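First subunit A sits with subunit B, and in the next complex the same chain sits with subunit C.
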Partner chain A sequence: MSAAGATTTRSAPRRLRLPRLDAGERVRAVVILALLLFVLFGLPPLLSGYWISTSTQVAYYSLVALGLGILMGRTGLVSLGQIALLALGAWVAARLFFATGLPFPLVLLGAGLITMVLGVLIGLPALRLSGLYLALITLMLAGAITVALTATNFPNGGGGFLGHVETDRGAADVRRPLIAHGDTAFFRYTVVVVAVMFLIALVHVRAKPGRAWAAIRQSESAALAAGVNVTLYKMWAFALASFLTGVAGGLLAADSGQLFITSFPTSDSITLLAVVLMGGIYSLWGAVVAGILMKLLPAMLNNWGVAADWLTIVFGAGVLQVILTAPRGIAYQFPRDMARLGRLIYGLVGRARGTPVRERAG
Partner chain B sequence: MPSWEDFKPFIVTGLALGGVYALSGVGMVVLYRATGVLNLAFGAVGAMGALLAWQLINHNGWAEGPAFLFCILFGGAVTLLYGAIFGPPLSSRDPLIKAVATLGLALILLGVMDLIWSDKARSMILPTSNNGFEVSNVFVNWTEVIAMGFAIAVMTVTALFLRFTKTGTAMRALANDREITATLGVPVRRVEAAAWLGSGLLSGAAGLLLSNLVGLDATTLTFLVISSLAATLIGRLRSITVTFIAAIVIGLVNALVTPILSISQYRDMTPFVLATIALLVLSGRRGSALSGRAG
Partner chain C sequence: MIEIKDLTVRFGGVTPLDKMTVNFADGTNGLIGPNGAGKTTFFNVLSGFVRPAQGTVTAFGDNLLGMAHYRRSRWGLRRTFQTEQAIEELTVYDNVLMVLEHSPKDSRGNRDEDVLGAINFVGLSANPHARVGTLGAGDRRLVEIARAVVGSPRVVLLDEPAAGLPDEETERMSSVIQKIPQEIGALTILVDHDMSLVSACCAKTAVLDFGKLIAAGDTADVLRNDQVKQAYLGAEEVAA
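Entry: the complex of A and B
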């Protein structure tokens, strides 16, 4: 929070006051808004159908990455089962869609909330032990959800609780919202939903939970001593991450129409962890970078006829590199490196025009 | 409800699988105690070793024995190499970070395996799988006997090793306090290297046995590590004996559920279910110990 806010805290409760933005933040907000408008209206005409649907995937996978990023970057928790939670969210969304016929935003909200409750129930016992236990139990959870969903399949308009029916005439699809039926319209719809979710996350990070998380990340015992309810706020972070992942699952369900468990391999949970680390866990931008790494790069390689397995190797090396040398990831490192490069070029050009410019990154 | 006769064959498969989970679990616990690293790439290393052995036998004309030996040595070599490169710089980091770093190794291995061996289904049969004997109408092959026997041997030897040898004592000291152990003149790097190597050899052996008991597939073998992880978690990442017993129970329950048709499809959830129950018990106990603290 800004220093100006801190001085006024003593007298008035600030709960209902709008956040005050300083000049830098105002500029940033305008830039982000412009970027968002460009993505919504400038980008789609430039892209073919293939890239539109890839971009839609990038958008909702950024949301999954955001959930994991908040867990890792803010509270230092690691979940190795986020893609399984995504599958769970998609299952819940499909189930709600076929059972209730609710308007799509409510389906999304329901998917988020139910995934949140399930995630918290599973994470709760591990949250009270060390972080390693949560990582392990979520990895097992990933395996278990895969097993369960392989057995039950995804709802496709059948009866009963599971809602799955084997047909040879093609099952019913999870339909997209009426206002966003086409690919481009659904892309815009997804971007708007994702932007709202990022805003929710930003509000959390800036407000009381964010400060509690920061305290927990610095030192759990110090946070405890300072009166922070450590278990509550860890659970809060896990709940928020599960909620975001559930909403992403709902978007995914509507995007693909029919769901198969093969779209959610356990190894993807590990890949997600890798791209989130590489993207950067201390900045919300890292989640966007992670979504791009996870979905746009494979699509590009696919286009060029290169096996996407190379990416897995790169991501593996990326994890080790991030942990060893650059814990803040690309979202932090890239602008710095570019700025440094820019300064270097500027300095060289300014000092000696005509001499060859030697670029040196980092 | 199926009769006793239906369950009998699954006792054998359960014990065999449990045995392999147990020896993987013991390998992971020993490494964790000595170095603080929970090696999540354990399964991937074993899978890679098994696939390499398959490659050597079917395309390079190796005899089976040397190829199997190569698989085990490969596990030791890769794990030792990883430990030598990434162990020291990460030694002072949180155990969680160290575990996440091993996922980097797992991803690299998974990527390589998918690049080379993802085209078709493969199988590798150990010669011991073709022969066996009957115990009360149940056929038991020698691979299953080896899996179980090897697990018991590994656990016993490890326990004795930690208890009575100098390196073993050093490992236990490292588990307690790394700094003090180093101050007392224990060659920390060398002791850790021994743990990495031993654990790696076990991962190779486990990969070889599992490829035979379960199937030769990169992803399956990589994520079978989940069963062993559940066992190590129940053993609180500390106790070799509890890990061993938990692994056998997980293997047994997993197999024995097979004939019960209503839940048979869900049997692979066993590690998760048992680990969750264990966590509830653990966190309950921890909670009561900490219950004096303010909200």
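Entry: the complex of A and C
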């Protein structure tokens, strides 16, 4: 007899029924759609070329942050190799572009899939590790990838497997898709691709893998006892994160045209971890905030003539603040604090208008 | 029925389980013993977290030790943990669904019915869409029981399900556990230090002490057994 048949017992006061998408979720979906439309059509006319290209970077770095969020926030796997994986994704995209001349969406897909395979291969030996050891191993692998890419350089239209030619002898650019050649068009293209990737991540998080990851993050024993194939789902998390990062690498390749390993310093992986923590590691919005912190903030400082190096200190203080006061990050803290502020203002206004403030005695 | 034969576990020089041989019949069985007697180690062997040095475990004719640990849950083995392990980030509903969707009994059409049936079975009054992290200790324990009974399990292992609960919540837990054999149809093994809970729920009880089985049989007889009293209270008090 199944548990379902037990609902008629005395401890079952009423039968519960659940709607698939509740009102709150519907409102949220509409708000997100409106926001997306604003970013696509309302925002670009307001921005100069500098801010458009900065916003493009924010978009694909959000995707990288999303990958780390899935690994760390959802599954509890700390990776310090995400920027190296991004470089790998960019390499694969450039290689595919020059070798095949496939349409850009297919280049992106290929970059995502091949990076996914490479990411899982890198993740395989790491599956038995967790916490600090996993972080260390991924950092060292990232270092190894950086060394290899420094030696081989990125493909830029040369011959052979590596496809690299010295830049003074006629290097070619990775070209953007025809429909998105200009900066604004490419910004819109990037936002759409990134939105689709976020949707893919959301579907995962809301479904069977997301629930299995949550179980693994809290306790591997509990996950095993619930029948979760822990190794499979950890690999799945690595695969999805690597896929997202690979697609981001493809966008980056087309955005930059020519790629240099100096754009992917290993230390950026640690900065990424800091901004993901600050943004909010448990939330998809946190990844957007992380992308903003990682790329918009330095651009703003540059614009004001302040050295972006100061951000290292700001991020350090930010991480400390988040860990101590808001473990769920800015994506959670900001709306909560705004709601509090709203209530406070509402209360103050109400008091000023309605009940007279009593004179303090004595 | 679960047949345990010569089950031995060694951690270096320590032997937490020493040639344990016992049968657990259908219904609810108690497993008691002082701290460190090997009760949780025994559960860990059944769940696959600990590999025994020797011995066999045959559950309803199947060799349990031959299965990968995550497959045992799919076979129908469920357990709760001494320190409750309901998944905080997930809602009550998703906590239960998470177990159901990894079991072969998951038919997508009846998901709501199965999940909510399990939540109703344990009498949890909290909103199924509440995050488990927001619930109190008693409710979290019930979520764990709901996870253990969803999807027609064959064996349910309860590791101190009432530990740290106030009396009235222990009562509630007791009535839920008592319903498991008839309504879920699973063979249940209950580990607890609360003898009134064990007496209320279990017709049969086995006693472990320092990894050895020292008594097994009808719960009332076992609790009167001198050797059992001695294990719990020490030799001198019993003699006095």
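What we mean here is this: the second predicted complex is superposed on the first by the 329 of 362 C-alpha atoms of A that agree within 3 Å, B and C clash if a C-alpha of one lies under 4 Å from a C-alpha of the other, contacts with A are read in each partner's own complex, and residues count from 1 in each chain.
We adopt the following convention: contacts are C-beta pairs under 8 Å (C-beta built on N, C-alpha and C of every residue); 3 or more make two chains touch, one makes a residue touch a chain.
Please read these numbers as outputs of a predicted model, since none were measured by experiment.
Undergrad: Just to be sure I read the superposition right, which of the two partners does A:211 touch: subunit B = first, subunit C = second, or both, or neither?
TA: second
Undergrad: Counting only touches as set out at the top, which of subunit B and subunit C does A:50 meet: first, second, both, neither?
TA: In the superposition, A:50 touches no partner, neither subunit B nor subunit C.
Undergrad: Using the touch definition from the top, say if A:227 reaches subunit B (first), subunit C (second), both or neither.
TA: In the superposed model, A:227 contacts both subunit B and subunit C.
Undergrad: Touching A:346, do we find subunit B (first), subunit C (second), both, or neither?
TA: Neither partner.
Undergrad: Taking the superposition on A as described, I'd like to know which of subunit B and subunit C A:41 touches: first, second, both or neither.
TA: Touch status of A:41: no partner.
Undergrad: With both complexes overlaid on chain A, does A:320 touch subunit B (first), subunit C (second), both or neither?
TA: first
Undergrad: In the overlay, answer first, second, both or neither for which of subunit B and subunit C A:274 touches.
TA: A:274 contacts subunit B only, not subunit C.
Undergrad: According to the contact criterion defined above, which of subunit B and subunit C contacts more residues of subunit A?
TA: More residues of subunit A are touched by B.
Undergrad: Which subunit A residues contact subunit B in one complex and subunit C in the other?
TA: Residues 224, 227, 229 of subunit A touch both subunit B and subunit C.
Undergrad: Spell out the residues on subunit A that touch subunit C in their complex, using ranges where they run on.
TA: 1-7, 9, 11-13, 15-18, 22, 208, 211-212, 214-215, 217-219, 221-222, 224-230, 282
Undergrad: If we count contacts the way the header does, which residues on subunit B are in touch with subunit A in the complex?
TA: It is residues 38, 40, 86, 89-90, 93-97, 99-101, 103-112, 114-115, 118, 219, 222-223, 226, 229-230, 233, 237, 265-266, 268-269, 271-273, 275-276, 279-280, 282-283, 286-287, 293-295 of subunit B that touch subunit A.
Undergrad: Residues of subunit C touching subunit A in their complex?
TA: Of all residues in subunit C, those touching subunit A are 47-49, 69-74, 78-79, 81, 85, 87-90, 93-94, 97-99, 101-103, 105, 110, 112-114, 116-123, 125, 128-129, 146-147, 149-152, 175-176, 179, 183-185.
Undergrad: Under the definition above, what is the set of subunit A residues touching subunit B in their complex?
TA: Counting only subunit A, the residues touching subunit B are 76, 78, 80, 122, 125-126, 128-133, 135-137, 139-141, 143-144, 147-148, 150-151, 224, 227, 229, 265-267, 270-271, 273-274, 277, 307, 309-320, 323-324.
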